[in-house]
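By written order: A, B, C, D and E. Residues from 1 in each chain.
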Amino acid sequence: SENTKPAEEKQEKNVVDEKENEKITLKVAAPSGPTTVSLIKMFKDKPSFGDNIEVIYESIKSPDLLAAKIISGEVDFAVVPTNLAAKLYNKGVPYKLAAPTIWGVLYVAGTENVEKWNDLKNKEVVTIGRGLTPDILFRYLLSKNGLNPDEDLKLNYLSSPQELAQTMIAGKNTIGIIPEPMLTTVLMKNKDIKIYIDMQKEWKKLTGYESYPQSSLIIKNEVLEKYPKVVDKFLTEYENSIKWVNDNPDKAGTYVEDLNIGLNAKIVEKAIPRSNIKYVDASNAKSAIREYLKVLFDFSPESIGGKLPEDEFYFER
Amino acid sequence: MNSILKDRLYLLISIAVLIMLWKFLSLIIDSEIMLPSPEKTLIELISIIKQKTFLRAVFNTIFRSLTGFFISLILAVIIGILSGIFKPVHYIFKPIVGIIKSTPSIAIILLSLIWLGSEYTPILVGFLIIFPILYSNIIEGIRNVDEDLIEMANIYKVKKWRIIKEIYFPSILSYLMAGAVTCLGLNLKVVIAAEVLSQSVVSIGEGLQFEKYNLNTAGVFSWVIIAVIISAIFDYSLLKLQNRIEKWK
Amino acid sequence: MAFIKIDNIYKSYKGLKVLENFTMHIEGKKIIAILGPSGCGKTTLLNILAGIIQPDKGKVIGLENKKISYLFQEPRLIKWKTVWENIDFILKDKMAMKEREKVITKYLKMVNLMEFRNYYPNKLSGGMKQRAAIARAFAYPSDVLLMDEPFKSLDFELKFKLIDCFIKLWEVDKRLVFFVTHDIHAALLLGHDIYVLSEKPTNVKLRMVNEIPHRERSLKNKYILELEKKIIDNFEEITHV
Amino acid sequence: MNSILKDRLYLLISIAVLIMLWKFLSLIIDSEIMLPSPEKTLIELISIIKQKTFLRAVFNTIFRSLTGFFISLILAVIIGILSGIFKPVHYIFKPIVGIIKSTPSIAIILLSLIWLGSEYTPILVGFLIIFPILYSNIIEGIRNVDEDLIEMANIYKVKKWRIIKEIYFPSILSYLMAGAVTCLGLNLKVVIAAEVLSQSVVSIGEGLQFEKYNLNTAGVFSWVIIAVIISAIFDYSLLKLQNRIEKWK
Amino acid sequence: MAFIKIDNIYKSYKGLKVLENFTMHIEGKKIIAILGPSGCGKTTLLNILAGIIQPDKGKVIGLENKKISYLFQEPRLIKWKTVWENIDFILKDKMAMKEREKVITKYLKMVNLMEFRNYYPNKLSGGMKQRAAIARAFAYPSDVLLMDEPFKSLDFELKFKLIDCFIKLWEVDKRLVFFVTHDIHAALLLGHDIYVLSEKPTNVKLRMVNEIPHRERSLKNKYILELEKKIIDNFEEITHV
């Protein structure tokens, strides 16, 4: 039973072993995409958190792997879809949400003439993953804008943004919900494609919140308790990194390309402004997060793990 | 009869032991997300079965799975027997089968979605996996046909197609059965995976993906149990068929 | 079919010389009995006649496009077909159903297997399998009949009954017959020509013509006994006999 | 020799026809992103092969693939022969094999990543696919062992394990070969797919995924070609092995 | 082994009565020859003696825990083993390598197969396969020897040579032998007791004791000729003989 409760086991070890000069290794993981972009300065510079602390950064493409690493307690800091954070919390995985950082990367784009929501009527729209957040949000916006998602238009689903991009570029689909940075790729490879709707802005129109917190930083409870200073430093560094990224999209682009995760500098650079990367402490974003989770919950309670998380879900800095 | 009862008993014991082991492990691990308990899974299973679309999802997946299976089977039998008997056919199909055998599904799923749509893509993905299995079993079966019987039939000037039908075909049946027993179950599993990749609506793949996305491991297990049961029913039918065909044994 | 020439045939298997300069000329529709030591190449010879094996050198003239029945050394029954179906299998393309039924019934009765027509081969005794194979070879409407030890695994009584039947069949419908046997009596009762083969590399060691009409042959007939002695003398060192 | 040359010729013709067909289709579709031309793919292929990590990636994937294959093979042979000979073993393993056979990979990939990590998950996923194939081929092989030989060996009081080694084992070889021929290629393909899901570093799966991320279909095809070639090499080795083992034929 | 009792044995296959109230009592280490019509149940009887088949009723006493050699009706050679390996296969657990070599060589020489010891069965002629099986059965150090048509597919000369060898072997190392044959001469030359079986449902129709010592037996011996006649008379309607 050595493997049983990895998270807790580690915790016990640290309680016993904690000494001033004990070497501590912390792991940071983020899905490749805008989240990795948001962290890129830290990936690159590896800011110091103390002599005895080593921090390892990892960009992860496979959502399964990311989830596995979090569930097994292998990573200490992770930037994950906010609803995944809620799910993990509701399932008892000991992490807290520290700061939403990606405020929406979804756009409706295509080659047809669409200016307002009503123009989508009777059209075919391709999107990723039935029941996943882009789908839920799009359906939410559709219904709030007077369209019935199941009757007024036809939704086609693909399983990954790559496939979505490929079909859009090839012109097999004419309207799609495309996330950044795929959107930039698509726009560059097929000049006929235009952005119709910025779903973040539409969200603002409906809810009054600036945007919806698509992804957030979560931190393992154990780390929050044992190394509050490290956590504080980490949040500051992250905030700096995000600022830097927004100020230096070109450099950020080259850094990301150097990571070799299949993202090209030019594309990253162009995608950054549309990626809505912005650091907000959880305590300051509670209501925005709640509003977002509520929408998801209303659509399908399971998508956030069955219930709205309690206050302790949010880390108070 | 007595021996059949005994077999059933062993089977039941084995299943019981497995469930106990599961329960035991789930107690040790004590994490619904990492290994849900059998009870929790049973509750989930019941709630899944009660869903309105449940039967349609199961039906769709079974339909896709069987369609793919039979297409693969028929093609494999025809191409397999022809290439087992005629060398040129063999060498013409060799590279094709080689490509089919080792092309990772993710490499062709997009093209397939474009050309076949999400309805038929799982069938194609399944085909790419099971066709080579059936094909190679048939080839191996033909390699092991009793040459003496072929000689005999040729001496007595039996028509080629009747030799194929009445000697080659029954000879490879046992190899084909070995292939079919695996492929029915395997294809079900592959079709389910492909349903996820191709986002087929109202399907076991969709159900499974939904539970997995929601980190509801008990729900995932429930779907696995459903797949296992379907596959067991397939196997049982095949066994009955086999006993019928091999009545000479 | 006036004339069959087996001309200077050579056959070896990976350095093992089996037939060497083997020659046999046969005129007319006769019954040819072939005797010879085990492993000398009798089956090889029949296979060459049947066209299953190609000789290394030399050729067989006169058998092209002939319909051949071959009673192999093993029964070669199809194990997923009953006795009846095994025979039906080779007749199906050639006759209408009614006729097939008549023919199969006739030959199954001849070999005493009518009762067992619905048995699968693995339910038959050794001799019964052999009989099913005999029925199959006889039932096939051929010009030439090749038989490799046709009467092995048959009891005394049945063997003579079949020899008898065979003679009657042959008289009605004469065809060229080659048959390999280790049974001198069968050779003497059936053969017009009797060939005794040598050890490997194999050739004809002795050829005898048995001119007595079939109806008059008997193991007590003097001429037959003489022939028997001649054959036996050709084998060496036979103790006790 | 002549016939071997002829066979090679047929093979070459077949490959040439396939490439021409591919070229033709790529002209019709006329979209590098959906179906790249053979030339473009060749260029990509060369640039992939020139990459520094190429050999390591190929090696890692082959290593995973073969490890999984041999684990599956050994387990399948041992369990298969035992359950082919002893009924109780058969009934104990029946439900386990049934579960293995029909559990969709996506259902266990998350758990496997948690327990085994991304290094071994592809091996497990491959095992779940090929073990049941090998197992059922062995079971079918045993069902078709010549009972007469077993009777003979028993009469002459040959030790059980020698009967297994010298009669059962060679008898099932031809069934096992049919299974192995498919499983080597299939496992490669499954391992590659699983490498994508579990994001194994420096692997064919990673390379494939990278090209897919870059929407570089020609790159994806190049990796497919590499997989096909590896699989062809596997097949060829197996064929040589088979000819050696079956020298009595 | 003083006494073997085959007591009131019944055996039928799905309604086909084969052995019915079959009884045989044998005292001492004798050679028992069994003759009988094809399909009457001779192989079934040997299988019952070997313990391969269980009788429906009745039992065999005196064969428990005996080492048995069985020369089956078919050669039953392992096709992926050479002639040598086929024999070695059954001896391996029982003897040291040196001894095995000696034994195998002896019996392969006896059946004239030494030259072909490295041949795989599919490269052998019918008679050669039979001889390999004979060598295997003889080589195995058994208490009881069961043989189903041991001399079939063998030529005249070889058959008598083997009969001769067999007698010599038996005199040195006496064991109980049951052998089924359709060859009356072989039965007469070898058997101490000769049993002729009836048609199905099968029983002993005739039992004869041949008291002449083996060394004095010959097919020209008067007593043997008389026995032969007795056996032949027991079969009916044999034409031409």
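Heads up, the rule we're going with is that a residue touches a chain if its C-beta (ideal position, glycine included) is under 8 Å from a C-beta of that chain, and two chains touch if they have at least 3 such contacts.
Model, not experiment: these values are computed from the prediction.
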Each chain counted as touching chain A and chain B at once
D
So, what's the distance in Å between the C-alpha centres of chain E and chain A?
84
Distance from chain C to chain B - Cα centre to Cα centre, in angstrom
50
Find the geometric centre of each of chain A and chain D from their Cα atoms only, then give the gap between the two centres in Å, rounded to an integer.
37
Sites on chain D at which at least two other chains make contact:
34, 110, 114, 196, 209, 212
Tell me, which residues of chain C touch at least two other chains?
74
Among the residues of chain A, which ones contact at least 2 other chains?
67, 71, 166, 170, 172
A full list of chain pairs that touch reads A-B, A-D, B-C, B-D, C-E, D-E
Residues of chain D touching chain B in the complex:
3, 6-7, 10-11, 13-15, 18, 34-35, 87-88, 91-96, 98-99, 101-108, 110-111, 114, 129, 132-133, 136-137, 139-141, 143-144, 174-175, 177-179, 181-182, 185-186, 188-189, 192-193, 196, 205, 208-209, 212, 220-221, 223-224, 227-228, 230-232, 235
In their complex, what parts of chain B are in touch with chain A?
28-34, 109-110, 113-114, 118, 196-199, 201, 206, 210, 213-216
Residues of chain C that touch chain B when the two form their complex
50, 52, 67-70, 72, 74, 76, 78-81, 89-90, 92-94, 120, 122, 136, 140
What residues of chain D sit close enough to touch chain E in their complex?
148-149, 151-153, 155-159, 162, 166-167, 170, 246, 248-249
The residues of chain A that touch chain B in their complex are 1, 4-5, 67, 71, 84, 87-88, 91-93, 129-132, 156-159, 163, 166-167, 170, 172, 302-303, 305
